[in-house]
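The same chain A turns up in both complexes below, where it pairs with chain B and then with chain C.
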Partner chain A sequence: MKSSANPKAFWLHVGVVVLLFLLQFVLPEYHHLTATRIMVLAIFAMGYNVLFGYTGLLSLGHAMFFATGLYTAGLTAYHLEWGVISSFIAAVSVGAAVSMIIGAVALRTSGVAFMIVTMMFAQVAYLSTLYFTTYTRGDEGLVLPESARSFSVIGFDVNLVDPVVRYSITLGFLALTLFIIYRLVQSPTGRALVAIRENESRTRMLGYNTFAIKLKALTISGTLSAMSGALYALLFAYVGSSFATIQYSIDALLFTLLGGAGTVLGPLLGSFMMFYLIDIASDYTTAYLLVAGIVLIILVMYFPKGLLGTLREKYFPWIP
Partner chain B sequence: MDFGPFLLLASLEGLVQAAVLSLTALGLCLVFGVMRIVNVAHGEFYMLGAVLAWWLTSLVDMHPAVGFGLAILVGPLCVGTLAFASERLILKPLNYNPEATIVATIGILYIIQQSVLIGFGPDARPVDAPFYFRIDFPWFGYSGYKLIVVLVAIVILLGTWYVLSRTRIGLIMRATQFDGEMAQVFGIPVNRVYAAVFAAGAMFAAVAAVLIVPIRQAHYLMGLDPLLLSFIVVIIGGLGSIRGTIVAAILIGMSDGIISMFFSPTLAKMVSTLLVALVLVFKPEGLFGHKER
Partner chain C sequence: MLLSARNVSKSFGGLQAVRHVDFDIEDGEIHALIGPNGAGKTTFVSMLSGRISASEGSITFKGTDITSLPAYTRVRMGIAYTFQITSIYPQLSVYENVAIATRYRGSRNSAHKSSLEGSVKHTLDRVGLLDQGERKASELAYGHQRLLEISMGLALDPLLLILDEPTQGLSDSEIEDFCTLIRGIRSDTTILLIEHNLSVVMALAERITVLDQGSVLAQGTPQEIQDNEAVQAAYLGA
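This part shows the complex of A and B:
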């Protein structure tokens, strides 16, 4: 890996954000909405990537963090009638707390056990969304009322029903996430994460507290996932149990692997590609998840580094 | 019904659950124990066994026992062949890397599940039991087939125990499990043992599914529950320990059956799942396992 202050890498990320900004003026209505949804899920995948791609920890429970954000935002808005901003802040804070607590317990294990433990915790979270059906309405879910979809900041009235507003807010958070991760992976902490991925015992021997660093990575990862879930709930005004299923955890893994685990832009690229791949497949068959299975196997067998990872290896060693 | 008979009924249901679960979990446990990989597609092999049983019995237009006999012979064989092929084509090239195989078996999970959806549709399919007779207790009648399922499971488990501990095949498998490299040095074709174990593991799941399918219907999404339950059992039993797995299967199967009858099944699952996660965190060698060498 080259030095961190490569201007090309910085401008590449700025370029991607500008491109996405310009894209909204040319996209037709359906794709405009789809792009908003993909960007929200891309934040989820980028959060997942901090843990999986950079720290090398395979979690199958990230749907739990996504659902924590989704339900905290949704339930506070629906039952307590909190405003959009306070629901969002509550969701991100609860997400941070939950990921730190789960992390402190789950990180006592490693390897295969970590994967099973995260999956089990996520399954408990999913089952509780079904069990507390009085508040969550389980599979059927809650639709947030019209009143929970607008708010005003410093004199501006913002209405989340307007697709342009939704797109811009999402893009704003996507840019923020990109910036956070871009800075993180070039910071000493980011280097330590990669060191843990490559050889944890050596990193520990060098004097790093690997447990604390892993917990930090998991907390950042879980908080970003919860933020994505909160955005999803508030922007699309719906929360339901299906978002807590193991399939959402696998989606994050799939997006990350496709775009390139351990690259900043990989999950974003992977989200766009996989979403459209499934979208096209679902025109032909109800069994569109077949595509997900085939892509997973092809990736793990022939392109374990994903698209951007392979490009970085062959042509662009400066991609962070 | 009084509490006593109700408890008896709940225990019988739990026993059936435990029988099927111990077969399914034994398959997962063999694969994990010998190959050190987690097979996330295990539940789909189970589902495929059930769906094939429905398909095979629907082909035969005779007494249900004939169709069922065909299903229990041919179904697991087909599943085993598929598992063998996927092991050779996908897992072996990945060199059994633990994390790569998890991702790959998730891929296999989707492919099997969605292919069944394409081939057989989204409906739940009933299968006729090979015979009907009721055992009459003073308080209620109970399906004799369910008790036969328990008996068959016990016979298969005893057979497996005999093969593993008293035959040459079992010796080879135990040697591979104990130390793969050393077994290789002693001329054991470790590579082929892996393929056979993976196929056998899938076949255990398929047999369990064929046995249960006259009680529960075949459906393309039925694989997730047995997968999670098998994970729970294999972990509590101490990853890779066969005796522990069977004890844990009886424990979990019985308590799941009983708790589900008295309380909400969702609550039962939440509690057991959470307990298992904590067992894995605080006692990673399982309740009955040995510490890693």
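This part shows the complex of A and C:
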């Protein structure tokens, strides 16, 4: 009767990381790069899933947290010539602070109002990237110099231009994110997140400080999103305001919905599916977004809880 | 005195739902709060539990002023509230429902509460739902969902358990089971019962407060309430 972590669930997650590790040895160059990019954005979607999938809070402003990490890492590396590790730590720290501050304000609303408030905050962040164009170069963006992409750690020189290094670092952070979220959702805090999603007023009347728990969820979610943004800036050497647009908030939502909201692996699966759906469709037609849209409608009809969410409901209830 | 309310009022715009209510509940008693529809019963107990704030007046619990404390703090102090309209986690298992409630349980009667699982099973056993633990809460019959609601309150190991219309929608046999359950838990907790079913009230309560149009109409033992002419006129229809 007791609900506890299933060993099958643990090994499933280990298996996915091992599979991704082995994949790099067989992937052609183009797919190697694409997979790296997808994994970075999957971290973003997995962070988003903590708030949306597990806590039930629909944010339309997560591009702001991604952009916070992206710009903090990019601007400190480009203008202040900080090293990769310093820029990355600064980006994650600023991301955590920004998400906590925005959360403390936005979480005073709920439902549609929360959606709109987060979207408005993100719009302010986007416009700021255009307003301070002297530093950001707005839409054109900044390209980080090659000198800003190498560093030494315990005597080893690491160059982020090397695709193998990029893939390995990304996989390392993806595995770390998987581990954090896997542990989180099985912890008492994780169960409280689900309780809030299912019935917030009941949860409050069981002694839970629901505001504090939601703020914790948003801070974790925003910090992971900022981490993803920082990785993107440092690994791909580009920082531009297009990453702060609402399109990126919607992308995180789509990846999560497609793979399965409220499942640890769903956003990762959704990210791969969405990327390759568009990639394959664009090989055949310029109307690739139309094709992607039709496929998405079919998927939602047959997998209303996302691919992994539906599989969990029907066949594998042990999937966290 | 476990809980006292003094001069408590609540207004919603121009509507005064509760007017200057003084109310006491003693440690260990079963106290019923009755009154016709719209009398302000649920509004009043919502102020006691912290779901809504009082427009004026003060509430003390175990000698501490809790008037301005949020609901979750009051729950942690020992005030549990079960909703009039069943409020459970329909998509989670029965076990999970009680497990979530068990996190902030008190430290009393800890012999069987060394572990979360032991505590949850003990609570489910008390309400007769032990064999339903694996089922999704939404799959339970309505009567069992009401029992689950009560078990979530019990899981908090409260000093004061507020039951808002607990027998609403239950069959006669389920009401009988409910009365047996309340008699079984009365040694552990003080109970404030908001109830329309007068036979349940008369069978369980030691003291009764009658609310009418937001004000206290009468307070006393079941016999005193039955003999009160104002109550008979306003509520019992005699």
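By our rule, the second predicted complex is superposed on the first by the 297 of 320 C-alpha atoms of A that agree within 3 Å, B and C clash if a C-alpha of one lies under 4 Å from a C-alpha of the other, contacts with A are read in each partner's own complex, and residues count from 1 in each chain.
In this section, a residue touches a chain if its C-beta (ideal position, glycine included) is under 8 Å from a C-beta of that chain, and two chains touch if they have at least 3 such contacts.
This one's a predicted model, so the numbers in the text were calculated from it and none came from an experiment.
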Could you say whether A:286 touches chain B, chain C, both of them, or neither, answering first, second, both or neither?
first
By the touch definition at the top of the document, which applies to A:131: first (chain B), second (chain C), both, or neither?
first
With the two complexes superposed on chain A, say which partner A:113 touches: chain B (first), chain C (second), both, or neither.
first
Could you say whether A:253 touches chain B, chain C, both of them, or neither, answering first, second, both or neither?
first
Can A:123 be said to touch chain B (first), chain C (second), both, or neither?
first
Quick one: is A:301 in contact with chain B, with chain C, with both, or with neither? Answer first, second, both or neither.
first
Partner chain in contact with A:179 - chain B first, chain C second, else both or neither:
neither
Per-residue contact with chain A, leading partner among chain C and chain B:
B
In the overlaid three-chain picture, which partner chain does A:203 touch, first (chain B) or second (chain C), both, or neither?
second
Go through chain A and flag every residue that touches chain B in one model and chain C in the other.
none
Considering only the defined contacts, which chain A positions touch chain B in the complex?
58, 60, 105-106, 108-109, 111-113, 115-117, 119-121, 123-124, 127-128, 130-131, 246, 250, 253, 257, 285-290, 292-297, 299-301, 304
What residues of chain B sit close enough to touch chain A in their complex?
38, 90, 93-94, 98-100, 102-104, 106-111, 113-115, 117-118, 122, 224, 228, 231-232, 235, 264, 266-267, 269-270, 273-274, 276-278, 280-282, 284
Of all residues in chain C, those that touch chain A in their complex:
49, 51, 70-72, 75-76, 80-81, 83, 87-93, 95-96, 99-101, 103-104, 116-117, 120-121, 133-134, 152, 156
Note which residues of chain A are touching chain C in the complex, please.
1-3, 188, 191-192, 194-195, 198-199, 201-210
